[in-house]
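Two complexes follow with subunit A in common, the first pairing it with subunit B and the second with subunit C.
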Partner chain A sequence: MSLERPDSVDDAAVERTPDEIEALLGDLVVDRDDHLNAPGFVIRPDTVQETLRTLKEQAGYDHLSVVSAQEYENRYESIYHLKKYDDPTQEVSIVVPADKDHPVSESAEPVFRTADWHEREAYDLIGIEYDDHPDLRRILLPETWQGHPLSMDYDKDRPQIATLPAHANPLEEHHKDAESDTMFLNIGPHHPATHGVLHLKTVLDGEQVADVEPDIGYLHRSEEQMAQSGTYRHQIMPYPDRWDYISAGLLNEWAYARAAEDLADIEVPEYAQVIRTMGAEMCRIAAHMLALATFALDINGDFTATFMYAINDRERVQNLLEDLTGQRLMFNYFRLGGVVWDLPEPREEFFSKTRDFLDQLPESVEEYHNLITSNEVFQMRTIDTGILPPEVAKNYGATGPVARGSGVDYDLRRDDPYGYYDELDWDVVTEDGGDNFSRLLVRMREVEESAKIIEQCVDLLEDWPEDERNIQANVPRTLRPDDDTEIYRAVEGAKGELGIYIRADGTDKPARFKIRSPCFSNLQTLPEMANGEYIPDVIAALGSLDVVLGEVDR
Partner chain B sequence: MGTAPAQLFPEFIVDTLGLDSVIGEVAASLVAAFVVGNIILAFTGVAGPWAKRKITAAFTDRIAVDRIGPYGLLIIPAAAVQLLAKELIIPEGVDRPSWDIAPILLPSSALLGFSVIPMGQLGPINLHLADPEVGFALVFAFASIASVSLVMAGYASNNKYSLLGGLRAVAQNLAYEIPLIVTAMSVVVFSGTLQMSGIVGAQTETLVTIAGVSIPSWYALVNPFAFVLFLTANMAEIGRNPFDIPEAPTEIVGGYQTEYSSAYFVLFYLGEFVHIFLGGAILAVTFLGGASGPGPESISFIWFVVKIWGFFLFTQWARAALPRVRIDQLIEIGWKGMLVLSFANLVLTAVIVGVIA
Partner chain C sequence: MSSDQPFITDESQVVTETRDARMTGQGDRFNSRLREAFGSSPFILTKFDKFLNWCRGSSMFMLQFGIACCSIEMMHTYAVKHDLDRFGSGVPRASPRQADVMIVPGTIVSKFAPRMKRVYDQMPEPKFVVGMGSCTISGGPFQEGYNVIKGAEEVIPIDIHVPGCPPRPEALVYGVVKLQERVANGEAAPVTVKPYELEEFSDLERDELVDKLADQIDDDELVMRYNFADSP
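Moving on to the complex of A and B:
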């Protein structure tokens, strides 16, 4: 089922016990700090690269999912959450404490490229410095920002005054360069094809791209901090809808629900799981439809019919979601332990509407194939452009349709099952091209798989005995997970692996709430795809990544 | 049909009003040009704010303007007031006066093209301003001035997106003007004249007669291959999908027009629409028998209108349906594909005409 890579030697597939890993790491381990999801090993801050390299090369932990950082009373701490692309249930956490007065820790960037942005974010928000990092700058906040907002001594009342020189165009000196004949071009933050407020610092050689650097943070809304000041039971759930706000709401809510339910040991009734699965897949269809629509916009131009057709189909599924949740965009439908209410009455009407949608969906997908994927000009534009080789994709921690478009067979719905997915009959879609076309094709085929899942859920729900329709487990009014328990849990969001890391401190609010955004990691691959290509291909590559800036910046 | 070309429009005015002095002729010419120019501008006025929206909406399952007036038609004056009332923003560092000349040059070059187009008859009036012996060459020359305007706008705007748009416009026009004109030359080989009335006249002869209906020898029917070539090159010439590369809003944010607002913006749009209509007119004259069609000669202007609006509809259809090619792919198609095909077409036509005639 999974695509074996040539260098994924036997060692990689073998599942190791925590003690075996400890033996493998030997002297590198100074302590144990197990998390609920994975064994955790504490190492010295100057052995990060050695430890991660050993785990990557000798034990097959090839996926650095996320780097979460935080400050304690007596130390700083970075945690590297490692997984395997072949089997994401095999996890290991590498805990790196850093000195309270001089928080310096070795960078993991030479081992995992994806650590680049993750460590920049940790530096920006927490204040840990990473030695050997190629480019340790702020990433979400402006470069003139004073203080690190998630550190303990951060003074939020301190005025953030950026002086006039800081406002001067920082790029001026790059405009003219006597040595080279390249041209610097700002694409965004306001540009028709950046799909939000994204800024691409582009260096052009004629029409060709010599270098592109995404500059993010324009939509940073302190989502992590807001979650940290809400109570587990009710106050956090509305926020996930606002991360990936392009109709992927339920998928995001599930990420929080899964992490918090595992943290507080809550069992979700089977009936609620089926409803969750159905709703989540509806969201996936809506999200992929919008991705298709905007990609057509990028390739065809702004009067394309495909855009409106896809928006039309999204509207149909959006209506179903409205019937189910009562909301069109910010659903707030999941609760810890289940969902907020049962299917809308009359149930038959909802089922028949859903079936109508599923019946006409193949016809729509066929039309998109006629309109775009089978169009020669479209193929000319997208095939073999914006190539992301599978090894590079893994190195950057790419997930979701971006990774699957590069032939990386990784889907948490199957590989790390949750909800009702493992009871249903569906397939993980992969394409081997690694180009813009493959990523689009993956999304289009996933829409059909999602439709299969919804259909099976509808069948199940229709026949569900009336007295067993339990939509919520019994959950205490106030949740206070044990002090110093930590968990990292991920679900397959519309864009890829959407994970939540929570550290509980015995109160009813999380002490640290870290969001692993798939778009954040996926966007980091853009320079790999775009360098050397033409401007239109950069636009196409960005469109095929399908980033939502709300989720990138959080 | 097939009668001798009627009196040209200015001469008609002179004769009707009895103005046989030089001043009278000049005045008559100006009046005639004013009428023809306004007809085209009226088309553009309908096409830009209203027809284009309605057509695009029909292609994309929407309704578009329908609030003001019957079928939303009053959006036309509303849009005119709205666009002209906007502030004209002149960015710092633009290169004047070329920045100001460019938006004037584009619509005037396209309008100039209509001076030699035989637009057919409306009652006793033959809507044809001038019929010089080199009219056919002249119309392409006028149409090409548009590229100069785009380069001027792109360069004078002092904006990198505009510069890229201007450069793309040059590259695109070089790659497509040559196949366009070489293909047009194959028509001249058929007709044996560069005079517009001659080319139209040559297409009135009967090609075949099927069941009593005589099919005229429109060059689109005589040489469909050349017609397709010409149509493709024409789309690139007027810069419409799949060749709207100099503008490409999703890539270079409108290209050469990025920095233009208010009246200048309107002038650019006007110029583009007039250019589309001119493209349609050239296509009609060259391949679709000019203004000819069934029915009496005196209403042939209606057929001309149908043909150029048909072409306009075609460009909008392409816009809704076709992806945009990349600039390097476009140049490759132009130089490696179209140029070779157009020369092959020319040589073949010359051989066939030489053997038959």
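Moving on to the complex of A and C:
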């Protein structure tokens, strides 16, 4: 190894102007296509790897958030949304047009591992083919599906056939000698430990995992199509609740609200921002409680008591959310430009209920520490299992508690502030272990941070002057953002960076609505953690990733 | 050991009422209130299937089956506060082979429908299904989706529909109790062999699509065909 530090390390942190990036890329740039959130550079479809490698290694853009693909009248297009883990406000979009008749584009998988699944999804739904991709096949829809549903000429009414295949052992041909006897094991799609309808194709060598491949798409509810057929103003907002349905509704609604508000240039009143922040953190507590409950159950079926305790705390916070929004799970509380109604009357009662909840929370957290984190069996099962090194996590685009459990200090609430977060006093939690235990600890400590945020919000709301309680900005009845404006905006959801890409076409409905789900990227890291470990560790690793299939499959 | 002297113990240390009741036979557990209700005869005369239906309705084993959003509310129904077990139906079983009732909690999509039918087929007769949420009725908010089955009834028969998006735990409890009532009253036909098995690929009627997929799918592979144009 050379002792000289490569230039890229020094260059990585430097913020570059769009023109400097263009100069860095030189001849690779064919055209400019700026988005509202970032400068966009159009490149030729056979220079994807070169471009992304230059940006990753020489300019420090080490986070490929999402690949969003779409079809235009005259071309196909894939967009690689790049960011920096150190500073997510530095963004750049790489736009790759592909031929209308024969859409082929180079794969980014050798540069960013996370592109694997994202490009498979683009192939599945839009129909763009990626050269040099290691395993280009459908990911969300059945293998035998006809047509690409988000392409322009797709006929929704055509008949389809889905199969129930008996799976072959994918390692068999590599182990032809008589000595190897691997076993193929299907885990799921109906299995208590998969947290929904996830299917793990697992190859076992004795008790050890030789290969595990998540097979997703069992809950692919066409969310992007639903959003593309709804109007901005009211019809899209109910759907985000159903992406991450573990009570994280308000966090998801905020993702859509933030993208659409920036797209239509709507300023949200401060009072509404405080209510949003408070509600969102209540959702985060509820979501992390369920993660904790089911993780404990995955580790050992005898942790049923922990499950009941955590559900009990969820019930408490759900009661508060129900008072606030009127619903237990699917809140539909945010509106573009604010929230739908003010705090429930009498306000004092709501505040005192919230304070009661916050007062007993430290005691509950203490109880969880007694029940699980200080439990010897639990420690043996989780410490030093399912290790995810920070570099690997970044390469896979992992975010949220999964990245923070690996010591990646990345939280959009602080790094790309929105709402009222930058006015409040709280900390981003990280743990350096990178194992199952660290990820759980991050979640438990985040619950305490969320409680801190809620408390400050309650203080603010209590003292808010009565005539300044403005919950809603003036928003036109029908929103028609300008033709061909594009935006990608993300918020910190319960599981990580939840982003929305919207392309407007001048009508009151989005022309393309792409959801960047944190679980989709996080789940991709499972083979890295599980291969070579024992099979119970796979279950533990999956539990600690805390995926929710509604968001993975969308 | 026989002795005239009764065994003496420290009276203050025991609950004397209970002991007295035992010695005098007042609290004889055979003299239960149930028996009083029967009168002097310790026998009940009833029809065998009526009795069996009552047993079935009073002890429902649920399949632990999570699909989508509704499964979160289903978990709350099983857990503290709502506690479905109070009604004799709160034991979730992980294996379909041990379950009587399947709650279908969520949206069914094309890839999952054959698997759900397989799970349903694996449950022993008599079996019952509670459809939870709007998605199992019609596809709910996702009805227009290209990949969504318009209601679970397209795939398996459903006894009770619980509407809502998602239904509150109280609504699910009500639905399950209604099912128990129906089973106990013999209204939900308990034993029927329903012709709901998955087809093999070679059973499908030949048409353009089947011909096209012929080289991808083996003849004996289990398949499910969706005619989206005919869906409601």
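Following the convention adopted for this analysis, the second predicted complex is superposed on the first by the 525 of 554 C-alpha atoms of A that agree within 3 Å, B and C clash if a C-alpha of one lies under 4 Å from a C-alpha of the other, contacts with A are read in each partner's own complex, and residues count from 1 in each chain.
Note that in this section a contact is a pair of C-beta atoms (placed from the backbone, for glycine too) under 8 Å apart; a residue touches a chain by one contact, two chains touch by 3 or more.
Every value quoted in this text rests on a predicted model; they were computed, and no experiment measured them.
K.L.:
For the three-chain model obtained by superposing on subunit A, do subunit B and subunit C clash or fit?
P.N.:
fit
K.L.:
Taking the superposition on A as described, I'd like to know which of subunit B and subunit C A:Val377 touches: first, second, both or neither.
P.N.:
After superposing on A, A:Val377 lies in contact with subunit B but is clear of subunit C.
K.L.:
Could you tell me if A:Pro149 is touching subunit B, subunit C, both of them or neither one (first, second, both, neither)?
P.N.:
Once the two structures are laid over each other on A, A:Pro149 reaches subunit C alone.
K.L.:
Is A:Glu315 touching the first partner subunit B, the second partner subunit C, both, or neither of them?
P.N.:
Only subunit C is touched by A:Glu315; subunit B is not.
K.L.:
Touching A:Pro192 in the superposition: subunit B (first), subunit C (second), both, neither?
P.N.:
Both subunit B and subunit C are touched by A:Pro192.
K.L.:
Considering only C-alpha centres, what angle arises at subunit A between the directions to subunit B and subunit C, nearest 10 degrees?
P.N.:
One gets 40 degrees for this angle.
K.L.:
Please determine whether it is subunit B or subunit C that touches the greater number of subunit A residues.
P.N.:
Looking at subunit B versus subunit C, the one contacting more residues of subunit A is C.
K.L.:
Looking at the overlay, does A:Gly550 come into contact with subunit B only (first), subunit C only (second), both, or neither?
P.N.:
A:Gly550 sits against subunit C, while subunit B stays out of touch.
K.L.:
Quick one: classify A:Phe307 as touching subunit B (first), subunit C (second), both or neither.
P.N.:
Both partners.
K.L.:
Please work out whether A:Glu71 is in contact with subunit B alone, subunit C alone, both, or neither, and reply first, second, both or neither.
P.N.:
So A:Glu71 meets neither subunit B nor subunit C here.
K.L.:
Closest Cα approach between subunit B and subunit C after superposing, in Å?
P.N.:
Minimum over all C-alpha pairs: 5 Å.
K.L.:
State which residues of subunit A lie in both footprints, the one left by subunit B and the one left by subunit C.
P.N.:
Touching subunit B and subunit C on subunit A: residues 191-192, 307-308, 312.
K.L.:
If you look only at subunit B, which of its residues touch subunit A in the complex?
P.N.:
56, 59-62, 160-161, 164, 168, 241-242, 244, 248-253, 316, 319-329
K.L.:
Provide the residue numbers of subunit A that touch subunit B in the complex, in ascending order.
P.N.:
183, 185, 191-193, 207, 297-305, 307-309, 312, 371-372, 375, 377-378, 380-381, 534-537, 539
K.L.:
In their shared complex, at which residues does subunit C touch subunit A?
P.N.:
64-69, 71-73, 75-76, 79-81, 94, 96, 106-107, 109-116, 118-119, 141-142, 144-148, 165-166, 168, 198, 201, 204, 209-210, 212-213, 216-217, 221-229
K.L.:
Under the touch definition given earlier, write down the residues of subunit A that touch subunit C in their complex.
P.N.:
So the residues of subunit A in touch with subunit C come to 140-146, 149, 154, 156-166, 189-192, 195-197, 217-223, 225-226, 229, 238-239, 242, 245-247, 290, 307-308, 311-312, 314-315, 328-330, 549-550.
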